[in-house]
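Shared chain: subunit A. Partners: subunit B in the first complex, subunit C in the second.
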Partner chain A sequence: MAEIIQIVVLGLALGGVYALMGSGLSLVFGVMRIVNLAHPSLIMGGAYVAYWGFRLYGIDPLIMLPVAAVILAATGVILYKLFFEREARSAKYSEMTVLLTFAVAMILEGGLATAFTNTQRVTSPEYATDAFFIGSVFIPKGQLYAGIVSLVLIGGLALFLKFSRFGYAIRATTQNREAAELLGVNVNFVGLASFAIGVGLAGAAGTLVSFVFSFYPSKHWEWIAVLMSLVVLGGMGSILGTVVASFLLSVIAAFVGYYFGATWSTLTFYIALFVVLLVRPQGLFGEKPELA
Partner chain B sequence: MNELLEVRDVVAGYGDGPAILNGASLKVQPGKVHCIIGPNGAGKSTLLKAICGMLKVRQGDVKLRGEDLKGLRPDQVLKKGICFVPQERALFPKMTVRENLRMGGFSLEDKSDLEERIDEIEERFPILKERRDQHAGTMSGGQQQTLSMARTMIIRPDIVMLDEPSLGLAPKIVQEVFDIMHVMAETGITVLIVEQNALMGLKNADWGVVLDLGRTLFEGPADEVLADPRIQELYLGGKKAA
Partner chain C sequence: MVTTDNSQDIIAQRRAYNETLMQAQDKTRATWFPIALLALLILLPLLQLTGTNYNYVIHLTLYTMCYVVMASGWNILGGFAGYISLGHNVFFAVGGYVAGMLFARLGISTIILAPFAGLVCAALGYVIGLITLRVRGPSFIISSLALVMIFRIAFENWHFIGGAAGVALPANGLPVEWAKLPYYYAFLAMAAFALWASYKIKHSKFGMGLRAISVDEIKAESAGIDTRFYKVLAFALSAFFVGMAGAVWGEYLTYIRPNIFLVILISVNMVLMCILGGKGTVAGPAVGAILIIAFNEFFVATLGASTVNILATGVIMAIALIFFPLGLVGTLARHRKLPRILNWD
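== the complex of A and B ==
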């Protein structure tokens, strides 16, 4: 029994970070229909900001979090202005964003590899290797802190979307772009701002990743399938869905990892992606795909 | 005459495509219900989209109280006092009814009395009060249409433009839609409606505008337009047998 509890605890502890990584991706897809394949490489960007602060100045990654979020959000603004704004009215927008963001991911990977080499890195604040014990169950401090910070950020995002004026504008644009525009929403600005928020969240997630996992520039390829499976299982564009999917899959992955080995635990996400697409393509909280 | 809105010889179309409107004109009198009729493809919806800034006006004039609206974005036209309800799906299906109403007031500079304005609308349309916490997408077609029309009243606009509000609704519900339109007119809102069902539309309007092939054929008091033999020609493809 203690074993089971231990596995669930470890799964839940990681679920929060997954949820934060996935929610930025989900937001950007929901509002802009941008399939952002560069999201994980932007997360890597955030991880390297944390690494840079930690190695050079000994700054705690959690303190670097807002710095990384701002730097990455600014990167988001630049990317959006360069690549996405002009194409926003194109009928093939979503398809084109797949190619565009794929290219962005390659460029970021190359840039990070040039700046930091392809060596595995990790930031190692003291808590990253420490743990709490409740009876025989241990909770790694690093994962716990990362999970709590993630949930706070996602909670903040949810409150912002639910209650703020700009949150209304984002939700309205997600659900009916034309109607939002006709009610006075500047949908171009909403697109830009949501993209910046989504990428800023990637930056924030990156600083947490920096002490929960080891990372190197090309690692983002491993993440993309994981994040896609979270967003697809949750329902494309549903942030709540992404959060639920994150906890669900990371607990399942923890069980698979425990009983079949770590290699298989990554496969959980791939298999989930296939199963969802076959059985329930709209995911947990998504709308049924239109048959047109 | 003292026009609220004047559209003169407007040429407009979608993107770089051919012009759909080829000299459409229209005069809107304050406080009246105006109905634009015409056969399929006449450019009725296109005209509304050109007025509200969704489409670029290539030639001609669109003036509200003498002020040029050409080149403004939809959110800017809205701020001038013209609210457009597009055909179908004008709502945010996963927002509640109340949230949809709040979105109606999005463009208000001063939001201090927004909740009171919404309460007022709920009093006028009790079904919206009853369903206030329900997702808009889960309501019936008629209720959704009520919501999208009532929502425009939040900002107390000068003109509301409705693009075929009766589309896809059961005949019994259609009259309700026109009733809401009359409620709007009573509160002083000028209505400009596009209607496929010419007879129904004109019967509920003060002023009729007949559009064909992107131009205004003629306009006049609704009952006169209704009685005009040219209507028969337009809709039945030939002169009515004497």
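== the complex of A and C ==
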């Protein structure tokens, strides 16, 4: 019994980080219909900001979080202006953007690897290797803090979307782009802003990743399918769905890892992605099965 | 009232008109060029007789032809039917492993085994296609990515086929200047076959159906095309070519290992060659293969780092997608400036 609780706790602790990694992706898809395959490599960018902050100046990754978010959001604006603005009118827009973001992912990977080499990196603040004990169940501090921070950020995002005026505009654009435009929403600016917010969230997630996982530029390929599985299971565009899917899948992955070995635990995400795409392409909370 | 004679006349007139159209199209085509190219490639290894060792030239030509086979195969699904797969290196790996394992156990050359390995891949592709072709657009692309990840984990942990360390294959006993030639001719034959096959497919009812699917699947379906069967068959055919290339590639490298076959760069290259050359054209994948391999060699030779190569590949891909979504052959053909020697359609 204690074992099972332990596995669930470890799964939930990682689930929080996954939730933040996935929510930016989900937001960008919801508003812009961009399947951002470059999202994990942008997370990698955030991780490098945290790494160099820690390495050079000894700044705690959690303090670097806003810095990384802002830097990455600025990157997001540049990427959007360069690549996606002109494509918005293309007929095969969604498919085109998948390939374009794929190209962006390669540019980022190549750029990061050229600048910082493919050495495995990790930031090591004290809490990263420490743990709380409740009875015989241990909770790794790093993952707990990361989980709390990401839930706070996602909560903030949800409140912003729910209650702010600009949040209304974003949700309206998600629901129906043309109708929102007719009602006077500047959909182009909403698109740009939500892309920047999504990429900024990737930067924030990167700082958490920097002490929860080890990372190197070409690792983002492993994350693409993992994050996609979260977003697809949750329902593309639904942030609540992404959060639920993150916790669900990461607990299942923890069980798989415990009973079958760590190599198979990532397989959980990939197989889940497959099964969801085929059985229920709209995911748990998605409303429009337009992808099918 | 239309009499029988009259309608016969109309049909005859239309046939004659079609005939003149065909002739006009034939005039824009230079059939001698592919034949001359083939002859040149057959004779190329004679360079070795001059005394200097031209192994590098042979290797690059062979490598290009390997990608011509793969990109032409990918083009059947990605170009004709419009289903972009980022996971076709799965079949490269399966072909390599099927032929490589049989070669290691039974000693039968992979060149003979290649069609068999291709058929195995086609069967696998048929099954995978039945599952993944139920979704389209971005979902299909994402599912193809997941496929690579699943196969990578499976291959790295399957001890029978050597796990992550892979299997070493015996090298052939030929002297060094002739050692590459069996593979060279195998790839040449496969590349010629792949291009011929994609010409034949493009001009068949099947190819027409695939093009209809790529333009508008729902209309194609309502026009009476069995879209599901067509798509799955296209998937299987493209897997066949990629698998054949993988089979011989394994023996050529003398070892098979997951991180040779199942790296994302290989499937990216296939996609990129087709996009750069021209998706859905016959000559496009070949032109794209030559361009990409020339770029890669240039970057690796001048800058000396594979990380820069990834960066450059990404930049080329982005530029191609934004400015030339039709590819070189497609863009030239649209502006009616396609040189006759490249009109293979």
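By our rule, the second predicted complex is superposed on the first by the 288 of 292 C-alpha atoms of A that agree within 3 Å, B and C clash if a C-alpha of one lies under 4 Å from a C-alpha of the other, contacts with A are read in each partner's own complex, and residues count from 1 in each chain.
Note that in this section a residue touches a chain if its C-beta (ideal position, glycine included) is under 8 Å from a C-beta of that chain, and two chains touch if they have at least 3 such contacts.
In this text the structure is predicted, and so the values were computed from the model without any measurement.
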{"item": "Touched partner set for A:Gln120, first subunit B, second subunit C, both or neither", "value": "neither"}
{"item": "Residue contacts on subunit A - larger count, subunit B or subunit C", "value": "C"}
{"item": "First, second, both or neither for A:Glu95, with subunit B first and subunit C second", "value": "second"}
{"item": "First, second, both or neither for A:Gly184, with subunit B first and subunit C second", "value": "first"}
{"item": "Which of subunit B and subunit C A:Gln175 touches, first, second, both or neither", "value": "first"}
{"item": "Footprint overlap on subunit A, where subunit B in one structure and subunit C in the other make contact", "value": "none"}
{"item": "Subunit A-touching residues of subunit C, taken from the complex the two chains share", "value": "84, 86, 131-132, 134-139, 141-143, 145-147, 149-150, 153, 156-157, 264, 268, 271, 275, 305, 307-315, 317-318, 321-322, 325"}
{"item": "Complex contacts: residues of subunit A adjacent to subunit C", "value": "35, 37, 83, 86-87, 94-96, 98-100, 102-111, 113-114, 117-118, 217, 221-222, 224-225, 228-229, 232, 263-264, 266-267, 270-271, 273-274, 277-278, 281, 291-292"}
{"item": "Complex contact set, residues of subunit B against subunit A", "value": "52, 54, 73-75, 78-79, 83-86, 89-95, 99, 102-104, 106-107, 111, 151"}
{"item": "In the complex with subunit B, residue positions of subunit A that touch it", "value": "165, 168-169, 171-172, 175-176, 178-186"}
